[in-house]
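Look for subunit A in each of the two complexes below; its partner is subunit B in the first and subunit C in the second.
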Partner chain A sequence: MTRALVVALAVARKDLTSEWRTRELVPALGQFVVLALVIANFGFQIDSRNASTIAPGVLWLALVFAGLVAFGRAFAAEREQASLEAMLLTPASPTAIFAGKALAAALLLIACEAVLLPALALFFGTPLNAALVVAVLVATIGMAALGCLFAAMVARVRAREVLLPLLTLPLWIPFVIAGGQAVQVAMGARGGYNQALGLLVDFDILFVVLTSLAARFVLDD
Partner chain B sequence: MRTIVAHKLTQRFGSDFALDAVDLTLDPGEHLAVLGENGAGKTTLLRILATAARPTSGSLEIFGLDALRERKELRARIGFVAHAPGLYPALSSTENLEFFCSLQGIERARVPETLALVGLTDVARRPAGRLSRGEQQRLAIGRAVLHDPQLLVLDEPDASLDSGGSDLLVKVMHGRSAVLATHDHALANRLCQRTLVLRSGRSLDGQTRLQVVR
Partner chain C sequence: MTRYYTGAAAAVALMLVAAGAIFFVAPTDGLQGPVQRIFYLHVSSAVAAYACFGVVLIGGVVYLRNESATADRLARAGALVGVVFTTVTLVMGMLWAKPIWGTFWTWDARLTSTLVLWIIYAGYLLVRRLAEPGRQAARFAAVVGIFGFIDVPIVHFSVTWWRTQHPGPVIINEALPPQMLLAFLLTMACTFFLAGVMIAIRYRIEMLMDEAPMAAGAPMVAQSEPAQ
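Let's turn to the complex of A and B:
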């Protein structure tokens, strides 16, 4: 294993261990997505005809807001504990540290998705299939990279809770558009699933490369 | 080769000077105490020496390397104890240090001996969040010496330490160059050969410790 990979895995393991022991984030996110689905279930007149049209929008809304919380906490906790500086004052690459943080935040969001997708199938009666799961997971990769980069940027700002959505949401729109299309097709609508999924993969590659390049400057200075 | 050669280090925050043209040298194995009132610029100076901050202007060489450009190389040779311990409260003392072994690229075998050095063997498995403030400070000191650095930068390391704290500092500073910021003049006298006094970001060259106290 290369040194950067060792560092990234150590950072991710440290974040996941901390979350496992404190259970600060995942239970709250799980409750949040279930409540969002309950509200959407009562707010919309859901029946078998419109469920597959409304459900993708509800899924992405819940996912986007859960993601903002998950990625925001990734760096806010480090700042509050004053531990980020201790990490950065080692010879470890800031890009590897960033990758580890993003990996852990993405895995926490995937844990949240493990609650969201079955709950969506339960409340809306939509199918829960491999195509749906793959589309959401592929979108999560790019969203995690972008979300963590902006979370790192705003972590030292007092108004970070306001700034993070303002910076992140516009750049998540491509994932919502392509992911929304892929999810609609996975739920039974007509359209090109492979084309939407390919677009998601392209966005993942683009944003993972860009955020990796930017992470060094965001974290180190 | 000198350990530190700093020339006209200046740090401005807006129109305020946190550091104003401070010169500083440190020889290998030498211990320097940085004294001064609150807001004198001690922490700013130490953060620059630890490569945690960049000065607005001035030059800084550490071990003959440009500390503003070759920070990654230097960080493997510098240990820093900051104001806040910066530990992970959910991880045990051992896990905290093992994590930093991974970041430093060193063997985890160093962890037990480091815990023994800072007197935390008995609480090695206790989460850092449940340690007393003094024990957390000892763990932060342990983390700073984990990779056997040649230069230690210590920002008020005696804060929260008990009566054995100065003995611990003697042990960890032995054989290394060190810059120590403190308000404790007795501790500075015991641990350091030289003193740098700061007032409002400026170095007060030529003053004795007694004059500073007065």
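Let's turn to the complex of A and C:
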């Protein structure tokens, strides 16, 4: 168990180091989410009255698509250099390697959320409070587990850019439903925040367990 | 070969019997009028679709355990037939919703989860087309099939938490008069037979394609990059 943890942390550290040295993904994602907000502004005719009803939807759209890009990239470098095969040849368990990749991708997405949430507060005038941040972070955990599983899968498939959203988005819907509710409440709508947050935690547990069971079949080939 | 023709002919005949029961045995609904007759095939094909996806789930789990080619082909056949029945359910549901609810679509729990169901298994079929045929495609598809099956009840449950409009299960509540129940059960049995025949035929096609991929007209695999 501790051995798996060491492997996972090492893989995550490798991914984060390589991102830190190239700095290609996070700045691009940050710019991507800001662009999404600009487009939403022109698409929706935002003013001070409707901003709080539209903002949660814009947040989830931007987040979901940024997530697809982030998780798609998680395995791109490995594929280009065939380094995933090399990692799998070591005695390390595929599940631990997968956990490391998912952890790194989740942290990169969180870095992108650190741009998205303040930008949303700035451009849409919505509150930026702890409830909002907690809901988005809790949703990120499960989304990262699922997103990485399917990114690992499509990395070896033709037409991966098309297939990743097709497979991942429907499975993310539970997170968007519960997370959407939580974010709406955090931004001032009425409803049960704790209920939605509890549901998100349940989904996290369920999908983290399921993806760690399935990772072996997707990676080990 | 003749077995499949007999099966298909029997399925068509049974569906015609079911149509007879729907239009001549079942009484017209007092409140909704003749539109309510959509109910029989709508619910039957929804249940048949769930059963097909159950086949996909079981096929996937069995495949991941022991790599049985039979389980994998059964899962493939189940997914395709299931998507067909889900399409029927969605289209008939929309036709029914327009006169009764006044709109083709509403983001109700059951509608949302059925749409997600359709999207997930359409994705399943795409994985099968795009992944390298053989072990890889079978494994990936098995994982998608298992996750899809788990995801749908979750979507349903989480939307129900906030809003719902679709009527609950009327059969279980014993709200159906006996003639309607008879027509419904008959339609359900016939639809299940049809689904079974379709899966059997599709299974046979998949088997032929596995044996001779070129002869059966499977798409050529374009290898645009070095093999992984």
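By definition in this document, the second predicted complex is superposed on the first by the 220 of 221 C-alpha atoms of A that agree within 3 Å, B and C clash if a C-alpha of one lies under 4 Å from a C-alpha of the other, contacts with A are read in each partner's own complex, and residues count from 1 in each chain.
What we mean here is this: contacts are C-beta pairs under 8 Å (C-beta built on N, C-alpha and C of every residue); 3 or more make two chains touch, one makes a residue touch a chain.
Quick caveat: nothing in here was measured; it's all calculated off a predicted structure.
**Student:** Let me test your reading of the model: by the given contact rule, A:28 touches which partner, first (subunit B), second (subunit C), both or neither?
**Tutor:** Touch partners of A:28: none, neither subunit B nor subunit C.
**Student:** For A:214, select first, second, both or neither according to whether it touches subunit B, subunit C, the two together, or no partner.
**Tutor:** Second partner only.
**Student:** Figure out whether A:195 sits in contact with subunit B (first) or subunit C (second), or with both, or with neither.
**Tutor:** second
**Student:** Quick check on the superposed pair: does A:121 touch subunit B, subunit C, both, or neither? Answer first, second, both or neither.
**Tutor:** neither
**Student:** Of the two partner chains, subunit B (first) and subunit C (second), which one does A:156 touch, if any: first, second, both, or neither?
**Tutor:** A:156 sits against subunit C, while subunit B stays out of touch.
**Student:** In the overlay, answer first, second, both or neither for which of subunit B and subunit C A:166 touches.
**Tutor:** second
**Student:** Let me test your reading of the model: by the given contact rule, A:6 touches which partner, first (subunit B), second (subunit C), both or neither?
**Tutor:** First partner only.
**Student:** For subunit A, what residues appear in both contact lists, the one with subunit B and the one with subunit C?
**Tutor:** Touching subunit B in the first complex and subunit C in the second, residues 82, 85, 221 of subunit A appear in both lists.
**Student:** Where on subunit B does subunit A make contact in their complex?
**Tutor:** Result: residues 50-52, 54, 71-73, 75-76, 78, 80, 82-91, 95, 99-100, 102-105, 127, 143, 147 of subunit B touch subunit A.
**Student:** What residues of subunit A sit close enough to touch subunit C in their complex?
**Tutor:** Contact set of subunit A toward subunit C: 79, 82, 85, 146, 149, 153, 156-159, 163, 166-167, 170-171, 173-174, 177-178, 181, 191, 195, 199, 203, 206, 210, 214, 217-218, 221.
**Student:** Show me the residue ranges of subunit A that touch subunit B in the complex, using the header's touch definition.
**Tutor:** Listed in rising order, the residues of subunit A that touch subunit B are 3, 6-7, 10-11, 14, 17-18, 21-22, 81-92, 97, 220-221.
**Student:** Touching subunit A in the complex: which residues of subunit C?
**Tutor:** Touch list, subunit C to subunit A: 64, 116, 119-120, 122-123, 126-127, 130-132, 135-136, 139-140, 142-144, 146-148, 150-151, 154-155, 158-159, 161-162, 222, 224, 228.
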